[in-house]
Each structure stands twice: as C-alpha cells, then as structure tokens.
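Chains here go by letter, A, B, C and D, matching the order in which they are written, and residues are numbered from 1 within each.
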Amino acid sequence: MAIEGAQTTPAGRIRIGMVGGGEGAFIGAVHRIAMRLDDQYELVAGALSSTPEKAMRSGAALGLDPARTYDSFEDMAKREARRKDGIEAVAIVTPNHMHVAPALAFLKAGIHVICDKPLSISFKEGLKLKAAVAKSGKIFALTHNYTGYPLVRQAREMVAAGELGEIRLVQVEYPQDWLSQDIENTGQKQAEWRTDPARSGAGGAIGDIGTHAYNLADFITQIPVVQLSAELTSFVPGRRLDDNCQIMLRYANGARGMLWVSQVAPGHENGLKIRVYGTKGSIEWVQANPNYLIWSQLGQPQMILTRGGPQTGAAAARVTRVPGGHPEGYLEGFANIYTEVAHAIRAARTGAAPDPAVLFPSLDDGLKGMAFIEAAVASSRKNARWVAL
Amino acid sequence: MAIEGAQTTPAGRIRIGMVGGGEGAFIGAVHRIAMRLDDQYELVAGALSSTPEKAMRSGAALGLDPARTYDSFEDMAKREARRKDGIEAVAIVTPNHMHVAPALAFLKAGIHVICDKPLSISFKEGLKLKAAVAKSGKIFALTHNYTGYPLVRQAREMVAAGELGEIRLVQVEYPQDWLSQDIENTGQKQAEWRTDPARSGAGGAIGDIGTHAYNLADFITQIPVVQLSAELTSFVPGRRLDDNCQIMLRYANGARGMLWVSQVAPGHENGLKIRVYGTKGSIEWVQANPNYLIWSQLGQPQMILTRGGPQTGAAAARVTRVPGGHPEGYLEGFANIYTEVAHAIRAARTGAAPDPAVLFPSLDDGLKGMAFIEAAVASSRKNARWVAL
Amino acid sequence: MAIEGAQTTPAGRIRIGMVGGGEGAFIGAVHRIAMRLDDQYELVAGALSSTPEKAMRSGAALGLDPARTYDSFEDMAKREARRKDGIEAVAIVTPNHMHVAPALAFLKAGIHVICDKPLSISFKEGLKLKAAVAKSGKIFALTHNYTGYPLVRQAREMVAAGELGEIRLVQVEYPQDWLSQDIENTGQKQAEWRTDPARSGAGGAIGDIGTHAYNLADFITQIPVVQLSAELTSFVPGRRLDDNCQIMLRYANGARGMLWVSQVAPGHENGLKIRVYGTKGSIEWVQANPNYLIWSQLGQPQMILTRGGPQTGAAAARVTRVPGGHPEGYLEGFANIYTEVAHAIRAARTGAAPDPAVLFPSLDDGLKGMAFIEAAVASSRKNARWVAL
Amino acid sequence: MAIEGAQTTPAGRIRIGMVGGGEGAFIGAVHRIAMRLDDQYELVAGALSSTPEKAMRSGAALGLDPARTYDSFEDMAKREARRKDGIEAVAIVTPNHMHVAPALAFLKAGIHVICDKPLSISFKEGLKLKAAVAKSGKIFALTHNYTGYPLVRQAREMVAAGELGEIRLVQVEYPQDWLSQDIENTGQKQAEWRTDPARSGAGGAIGDIGTHAYNLADFITQIPVVQLSAELTSFVPGRRLDDNCQIMLRYANGARGMLWVSQVAPGHENGLKIRVYGTKGSIEWVQANPNYLIWSQLGQPQMILTRGGPQTGAAAARVTRVPGGHPEGYLEGFANIYTEVAHAIRAARTGAAPDPAVLFPSLDDGLKGMAFIEAAVASSRKNARWVAL
C-alpha cells in the first residue's frame, strides 16, 4: 500500500488557490478536504465568492491571509502570478457556467488548473480551453472524482489486460432521488443552479451526473462511443432541464451499452453503478460500497475483489491508503485525483517526464463529456435518433 | 398464510395431461413439480414425445398408464375427450413452434390449456387461438411463472394502491450468461432450439426471456407500453437470433422504461430484476433472491419487505405457503400459477363466477408478448426507430 | 442436475401415513408438501388428530379414505400393518412429547418411521427407540430438514475433502423474533406448546431451534463436540422455558465453537447461519438465502458458490432440481430429506445395499440432539460450567 | 451536515506532535491523516523513532523542522513545553508497552495526550495515568476510532432514547484472518509485536481487537458488563498469545452478550460487526460497510438507515461530512475522534465548559479495556469460569 511515500510525506506542499467554494457551497469543502488529505497542497489564496463581503468572510473562516482573499478571479490570477510565493495551482469549483473564464485567466497567468466538472456549458465554450492549455504548457485536470476510486482503476487495468476478453456490453447507471420534487422552487441553492439552463447549460441530469456515468464507462473500457440514442425527460412539472436520461450506446468495437441517469428515482441517494461484460468475464462496481469489485469469469464462481485485498493490481495499490477491510470512501477517491495531479505538478516543476502510472481526467475528458451532453440533447430532440459522437 | 385450505387439501384432483416434456426436457419436469406441489392435479396422460418409443419410455418412467401414453397430441386430444375419466386440462411444454397446434386441438376437444411461453412463433399464429379460446369457453393460461412469486404480486398490489404515486420509471433487466459461447454447435439441445428461427420464431433472447421481462413489468405496473425503440444484437459469431436486447420504452401515462435482456452476460445465471419508480416511492425485486422486496418511500429509509412478513398484503398472502424466513423459490412461484388455474378450473366446473383474486397470465398476455417480440424485432431492423405497440 | 430420474419418475410411489398434522398444524402441511414434491410418496392414511371429529374432518380435507382415517395411532399402526396395501412408512409430526410412543408402535408394526425433530422430550425417552429400531430392521429418519439444502451438503463435502484444512472454528446461530413477547398467553397454539415443559421437554429455544443449529454444525463438520458451556435465559417474564441460549463448544480435534439461538431477537425471522473456519479457508451459509455459499480461501478473494453453479460437487448436485439462478428454498430442502428416505426405502424393499450417497438424519442424530439439549440445560443450571457431551 | 463550520474552518490550528509513527509504521500514518482531514491540527514536532537516524529521516520526510525532530519523547516533552510555539497536544502511536511512559511525560509537561489503544500492557500500569491526568487538568483521549463512525453514534443515540426498548442481547464480533499462519516468524513487523507478550501485554487478539469490540458494545449500549466467561485460544503452533477469543457476557441490567474476536478466521479482513437487541427492536452495523445501519422494529419491516439519510439524528449529523450515498470510511471515522478532541482542546484554551455533544474515548474507557483484557485472560486460565469486571 501507498500509505507511506509520496502521499503522506510532501517535500514542500503545492501552493494552491480556490475560485468559488465560499460559504454554503458543498463541493468547495469537498475539494479542500481532497487537497488536504494526502498533505500535498496548502490552500493560500481564494476568490471564494463574487460578493466581496462573503468572499472576505469565507477567506477568514478558512484562515486565509486577507491580502490573498480576492473579490474576483481576474484579480487573483494577476496578483498571484506576480507574487514570489504565488499559487502554483488553482481549484475552480464554481457552477458550470463559471468554469471557462477563470480557467483561461489562470492558464494565461501560468498557473495549473484543477476544474470541477462538467467542463463548461457547451462544447464550443470548452473548446476555447484547448488552445489555451496547449499554449500555457500547464496542467489542466478535471475532477471526475469517481475515477479516483482504487477499484475503478482495478477495473480499468483488468479490461486493459484482457481479463474480460473482448468487451461486448456496458451497463452504467447513476440514479438519485433528490430532485424528485420541485425543490428548486423552495430556495434550495444546489437545486436552483442545477435546474437553470443559464448556469448549467443545455443539460440537467445529463450534465450533472450523466457526464460522470459516461466518463466512468470511458475510463474503464477505453473504448470510444461512436453513436448514441437518447431520451431525455423532465418529469417534474415546470422543470426546464432533464431530470431523467435513458441512452443506448454503440461502441467503436461493436459493443453495446445502456446508460441511465435520473434525479427522480426514489430510494437512490447516489447510485452510480457500472457493469462491463466481455467474452471471458465481467466486472461490477457500485459507488456506494466502493471497496468491493465483483469479478465473474465465465464458467467460474463469482469472486469478490476487495480494495487492498488479494488479486488486486498495481493501479489500485498506488491509490490505496489503508488495508482491506478498512473502508475508504468518496473523499479518499476525490483526494486521489488531487494527489495524482500533485505528482504531475512536481514532475512539471523539474521538467521530468510524467510518470505514466499517474492518471487523472484531462481537458480531453472534459471535452468528451461536453460532446456527450450535446449529442444526448440533440438525439433526444430528434426523437432519440442515433447521433454520432 | 394459505398453507391450509385450497392449496393443500384438494377435493378431487384435476386430471391433467402433458404434451412434450419427455426424456431430456427441462421445463416439462418443472411443470410436473408445479402441478404436484399443491396437490391440485393428477397427471394421467401424455404425448410426451413425437418419437413413439421415447413417448412410451417417458410415460412409463412417469408411471402413466400405457393406454394413455400417446404418440401424437391429436390422438391424445381426441381419445381423452371421449373418456369418461378423460383429462380436464393439458399442459403444453413443447418448443415455441409447437404450442399453437396442440392448443387448438385441446381447446376444440373441450379441454383447458396451460401453455408454456412464449405463446407462439408469431403474433399472427398466436391470434388463431383468440377465436378458438372464445369459442371453447375453456381456460387458456400461459406460464409466465415469475408473476407467481408472492412479492411480485405484492409489488403489483402496491402500485395499484398508489403506494408509489404516479409511475415515472421502469427499469427491468434479465441477463443470463449461458449462451456466451456457441454451445448450440456442441449438441446442447436447449441451446439448439432456442437459437433456431424455425423452432423459436424471429426472436432469440427477446422471445425466450425478453417476454418474461416485459410481462413482469406489465403485470406489476398495469400500464401499457405504447412505443419502443430496440437494439437487438447477435454477439456470438454465427448465431442466427439475437442474444442481447436493449430497449427503451414509452408508457401510456408518460412513464419511461428501459429493458435489457442478454444471454451473453457473464456472471448472471438468471438475473431477472425489476425496479419501478413513482412520484412517491419505488420498489425493487430480484428473482434470484425472491423473498425480499425493497420499498423506498421518498424521504424515508428503505424498507425490506419479506414474503410472509409485516406490511405485506392479501395478494402476496394467498400465494404464500410458509412463514417469512423460510425461503420459497422458483418452483413455488411456478406452482402458484398452476394452483391459480386450478381455482379457475374448479369454478368453471360449477359455473361459479371466477374469484377476482385469482390471477394467472392469459392468452391476452401471450398476445401482448408476441406483439412485443415483433415490435422489438421490427424496431431493431429499422435502426432502433420507435415502433408502436 | 437430478431433475430427471428417481426424483421425478417414481416406479410406484411409497404408501405413507401421517400421525398429527391435522387442521391448524403448520409442520404437517410442510411434511405433506415435502413428500409430494418429488412424487415419491402417496399419503393414504392418517391419525391426524386425537380428537375424533377433527381427525375425520382433516382426513376428508386431504382426500383420505375414511376407512384409513384413524382416531389413534395405535389403531392405525395395527390396522395398516394388516392391510395388503398398508402403509410402508409413517410421518410423525406431533409435538415433541408425542414422538416416541407412535414411533415405537409403527416400528413394531414393521413400518418405516420419519419423525419430526427434536426426537423426544428427554434423552432417556429417546433411547427407548434405539433397541426398537435395531430390532425392527426398519428405517428411522429424523427431519432435520436443513441438512437437505444442496449447499449445506456442498459445505459438508468440502470439509470432508479437506478444502478448508483442519477445522479450527465454528460459528453457528439461529435467531428468531417471534417469541419476543408472551404470545403464548394470547392463544397462539404454536407458542403455547413450544413454551410448555410438559409438551416440549426441558428445553425451549434450545430444543426447538438449538437442535437444528447443533445438528447443522455436526452435519457439516462431522467433528464431535466434547464439551459445552451454556447460558440459557428466559427473557420474557413468566416464560417457563429458555428463549435465548448462548453456548461455547469444544470439539474433539481442538476446534472451538460458538452457538447462539434466540427467539427474542427482533429483526430475525428464521436466521439460521453457519460459518466454519479451517487452516486453509472457510465457508459461510445463510438459510434465508440458501442458494449461495461463500467460500473464502486464505489469501484469495472470496468466491460465491451457487446451487447448480460452477465448482459445486456431486453431493449438492444430486439434491438439486433446477439450474443456478432459479432459487430453491425451504420446501425443496425438506423434500430432499423425504426423497433420500424414499431411496433408502426402495433399497430396503429389495434388500439392496444402501447407496452410500444417500444421506438423511437418523436416530443417532436425534439422540445426539437430545444429549445436546440436556447437556446445555445442565450446564446452564450450573452457572455455565463445562459439561461433557 | 457539518461540512461547513468547525470541521473545515479552523481559527488557528492546534499544534501537535507525535511519538512513534516513523518509517514503516502503519498506524502513525493513519493518525496523521486523521488529524489533517478536518484541518484542525498542524503536526510540528515528533519523536518518531527511538533510533536517532530513523527519527531524523522520518521527520524530514514529513517536513518537520529538524530542530523539533527529537530522539526521545522525554526530550521532546521537556523542550516543547518550553517553547512559546510548543505543541499543545501529542499523539502517541507506539506499541502498547510504550504508551504510558510518554503519556506521563507529556501530561506532566502540560500537554494534552491522544493515545493509541489499548491503553497499556496492564490495568495496573494504566492506572498510573489516572492521578496524572487528574493532576494535569489535561485532556487524555484514546483512539477507539470505531466510535467515530456516524452510524455508531446513531446507534448509541437510539439505544439511549429507548428506541430499542430494554436491551436484552448484544452480539459483537471482530474476526480477521491475517494471523492465520505464523507470519510473526517471517519478519512481518506488525505481526511480531502483536504476538510478543513483552510488547503487547498478556493479551494478543483480545488486546489488539477484543478491546475495540468490547469498547464498541460499551459505547453503544452504555450498560456495564458485570461478569464474563472467556475461552482464549492460540491456534497457530508456537504462538505465545491468543489468536481467538470467545466470550460470554452478563450485563448489569440482566442482558446477555456474546463476543468473538479472531485473527485466524479466513475470509475476514477486518470484520467488526455489532448487533444489539432490545424488547422493541434491534440495530445491526458492520464496519466494512459503515454507511448503513439496519434498524428492525418488532413487527415492522427492517429499515436501512444511511449516513446522512432520513431518520438519522443529531449525534450522527455532527460527525458527517458529505451527503448520503457518498461513502465515508475508516479514515473519516478516525478523523472524527481527532476533531472531537480538537473541540475539547479549543474549549480548554478558553476555559469554556465542554460541549456535552462532544464525544471521544477517555482514560476511563482505556482502563475499562484493560480490565476487560485482564478479566478475559483470568477467566480463560480458569477454564472459562465467570469473572467479575
């Protein structure tokens, strides 16, 4: 296990700032725990809110130096870039429509970017980052955190090694129930922006969680989806974005897939689950109980692989902190993304070649996600006609 | 519980015959156990095989009177109809293409018919039975056995009572793995006829198990599917019928559904599972562990209903034999269909009005299944275009 | 699988009678289903109740010939013995205190006996049967039905084959909750006799379900318990027999065990569960979901063996009717005992040597159970001192 | 949820040091993550190893100031006490025999102590701390980390609120398999000291994990055990301490309990599990899947409470970071202990009355654990005679 070594013994923490994530934000706090868990980062600056007083109050609560608590990300990018002890990286945790502008600003300022998902509110908008990232030479990471789970990496490694044979089927689902009623009209902030096209883009559930489901399948199988047929529905009266999406997938190798995401499925808190079937076997992983991976080999009894347990490989081991039976969870998975980025940043410091074992979602993954959202919306508008991806 | 009463104390067993189900057949033996379990039937005649020696050998092994062991169903129908102690009902357990002809013969002879599913090899062929059943005044039952499980009936009762609110979503799947390889070319009889269009009709997995999945959703929700979009695939090289089907469903009330069946999904023995979601709650039931029904009410912890346990209703109770914690299974569910039909036959004997609590799949269910198969095949051939049902 | 063959195709059913099991009895109906399931027996006579009218009414409801519906077991034994078509076997399903007398009567009459458990109300009383069985040359079977489950037999076979290495630990438990309150004072018949020392003997839960737990461990491990330390408690005020038992076991080979049975454990319907640990691996089996056996090999991921699935052996296969994924349950397990006895009776008819693969609990198992009850009661009375078995 | 507020926004981190936990140590790294997770502590000093070079190397790896990397805890206690910016608290993560001496030293130096469990190698040795703690006025916390899990606190709250009625039964177990073979003779350091009486005291498994199991039951029920009967066994040839313990418990209120811990139970990684039964209901919690609590109310279906989900109360909510469905695990539970202690330290800084909602294991819990170990060892040596606690 990797509990000793890079993850716990930083030779100089990476100075990081945050855009968004002030008072009342959920995901900002998660990002802060994730950056702290392996002691790889030190949060030293923030533009935590676009409301100045709230920004100051939030910075103070986090123990930030008032001089480095900014009113705007533009200001932060400029001034941090000038400091000798300025931030090396920034975490962008604003709603979707506020990802690209700060990302461009920090990249321009020569600062690595870690950005929440989905990438942007449109593929076109996201594409602006392509040239900017290339030009900057900086790291751009997207927090598709579910790829940080050790057994998700195990699954990817097994597929790549051919343990499942040729892949035939993908079944991925991500049901939730928290939007089963119109809570966006009751003042619930999280629900408000997620159901608002202006802040979320053309996709509701498809953008918020559909991208996670799609990314997870992509990460594990590494096989491109070439066509999809999508039926997006808004079940809750008055809701302007989809709250349920059912999608059929055609893969480049002839495999077929089904993807279901919902935010109106009572009984599901956060039900991300994936199953991948090949000619020789299958795997099944459930996010809510992430320390187990069911491996079925054709003609053999099912086996339960455990995080840290027998027959798990190097990919899982390097993002595992504690032995099997001591459950790791959502925050550890999220932290793995941050720690992987930290490895890349350290390599970038010295100009060393990046370690091929280091894995985190990139701008390309973000663009794939945007293309997926737009294809799904387009398909759904055309009565679920097949749309190329 | 219903352990005492009609199920265990027959006042005169119903005399029954069987067509098909001789040596080497799987489902014939299942039907025989199902008819025997509640002591409602006595098997007294059979046309167990179309090969005369095999028919005699099979009859002898079952202890049938040689005089009532027939070479052909035509012969059996005619001669049993003439006997004073002739059969009152017949079970037809031949491959799909051999259902309609014997059914017509026995109906014509005034004998009730219990027929294995799917109904026929085409909707058109199945339709021939419509007039025949009406004319005969006899009972026609189709053994969609999964509707016999107590907690499936509980689920239906809950949906009907509005416990889930307005239904929004149906997720039903039925994966298996036994056809992951081309075992039809190795002499496996069960695989041979199920992958042969001449004996199975236009559908492979869609007919064999897709009809079960569709019927189960229909039984529980009682909401018609109005359109479907289907992608049927034959993954195993050389296979002539589909071995994987992914289908999107549109329901009459605006609900949406996804249906997946597969016979090439390693790790699944017989993975029938259904989830139904409404505005107020959801239910989940898994055939392989059928004594539990997960009930989620929006905003409440999930509850695990058990067969025979608290908060289960009358519909489940009347097909329950033993108390909660004493698992019932596949054969008991199958027997419930037979016992329900027995109730109907006894009522028919006296001309009594049928008990509205008695439930078993009918010819109409069989026709719906055929329409479903044909719509799915048609949709798939048109690149998964929506097809009306 | 054994679905075809002896289990379904009887060459002449065995004529059987029943003592007890009239109106309102639970276990009588279970025995009748069990004898019927594989078509090995025909119930033709009964002394179903000691109340003459009730006996006649119960016999009529079961379709018995009134001439073979008896008021007393003595009468039945004598008269059936004289008939040419008299019963070959009898099932005794009365409360515990009424097992030995009828068993003696039928053995004396040359009739095989299948007796419900526990054997008797005392070891001493049970011992009377020892000579009687030997003298009669007849079969005496005890319905410790849980040994009929296919995967219980699989577990036994694995232990015997050394798959687990040397056995070190046994953990067996059988919690229920139905006696959490004093329902014996509310007219509940099942509760009444089970909490009455006159009808149940010195043990309450220890006799009713403790014997099952002990027998299950004994069946699987085949290692004798040499000493036990027991703490029996009556939690419900006014209850005269134990409703909770915790016992520590010492095995002949140095293994250690813990056994817990309870009838006052809310949340458990019928929670029989066993785990056996050896130097090389362990198995776990849970009665409420009996089609799975978890096999852990030291240093390997856990495997889930399924009834009818890969890597299960001959012992399970011969008592399996339907393929994996089609769950069998309590009644099938119970029927396996009856069918095993039928094999033995058929062998006895011809004087053939008994098939060593045929397995059912015997008088010796019944005596072991009585010794276990008495040792537990004795230990508990002496402040849980170790008592030899 | 408590994700915002004290846990994530420290007004000045608490300066902390560490004794033990250098290179190769497992639990030291866990403690460091736990102190970091909620940003309540800053590790600034250490006596990480008794080998000077290893101590320096370990300190450097953790980014400690070399001037605050000590060779001995005595030195550290003295010199840190003199610094203006000296540590306020120390974490002691050495093997059991090295807990008391440093604890005394730091208490004497006026520094709060957070100590790994078990407290000491004997009750008598642990008792030395009693007066020292009282005299110092400092906080002494013991890291019985499993009490930090939100749903363990939920269980305690439910028991205290009478939701289960009067408690009758406790079933607690903690099986592992990592010592199934004599790995202590193969150079495995963790196994070496845990099986060495000189470093672990008189108990092996009973001290290492038995104390966790006992403490967990004590934490949830808050009912004292008054007597126990224990059978301790060393199964692995040559092992000097117990590797399996089976214990019967008698509680002050008449409840009964069974406790099983093992390190030779193949298939169990870290199988801590507890069930508590009362007159009205029961709870079940399994550490390996800690985000669920099964609640059974007599006569009702079982309910699955989830961390962060409906019907969980204040006790769980205050140690919960992320919503239901986003699993928290071992490290979060461990961090909860550290964060609770941080609340207490902050209160102590100002002399404020401690918040009664703040909960962490204390010296008294440590002493109870030592008494439990000694009672179990004593009972076992006397053939499992009952011993008072």
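To be clear about the criterion, contacts are C-beta pairs under 8 Å (C-beta built on N, C-alpha and C of every residue); 3 or more make two chains touch, one makes a residue touch a chain.
All of these numbers come straight from a predicted model, not from anything done at the bench.
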Worksheet item: So which has more C-beta pairs touching, B-D or A-D?
Response: A-D
Response to the item:
Maximum distance between Cα centroids and chain D occurs for chain B
Worksheet item: At what distance in angstrom does the C-alpha mean of chain D lie from that of chain B?
Response: 55
Worksheet item: What whole-number Å value describes the gap between the mean CA coordinates of chain A and chain B?
Response: 44
Response to the item:
Between chain A and chain D, the Cα-mean centres are separated in Å by 34
Item to complete: Provide the list of chain B residues touching at least two other chains, using ranges where the numbers run on.
Response: 268, 302, 306, 309
Practice prompt. Name, in rising order, each residue of chain A that touches chain D in their complex.
Written response: 3-4, 8-13, 23-24, 26, 29-30, 32-33, 36-39, 61-63, 176, 268-271, 287-291, 306, 308-309, 321-332
Worksheet item: Which chain B residues qualify as touching chain D in the complex?
Response: 295, 299-306, 309-311
Response to the item:
Per the touch rule above, chain D residues touching chain C in the complex are 168-169, 171, 173, 177, 180-181, 229, 231, 233, 235, 244, 246, 248, 250, 256, 258, 260, 262, 264-268, 277-282, 284, 294, 296-298, 302, 383-384, 386
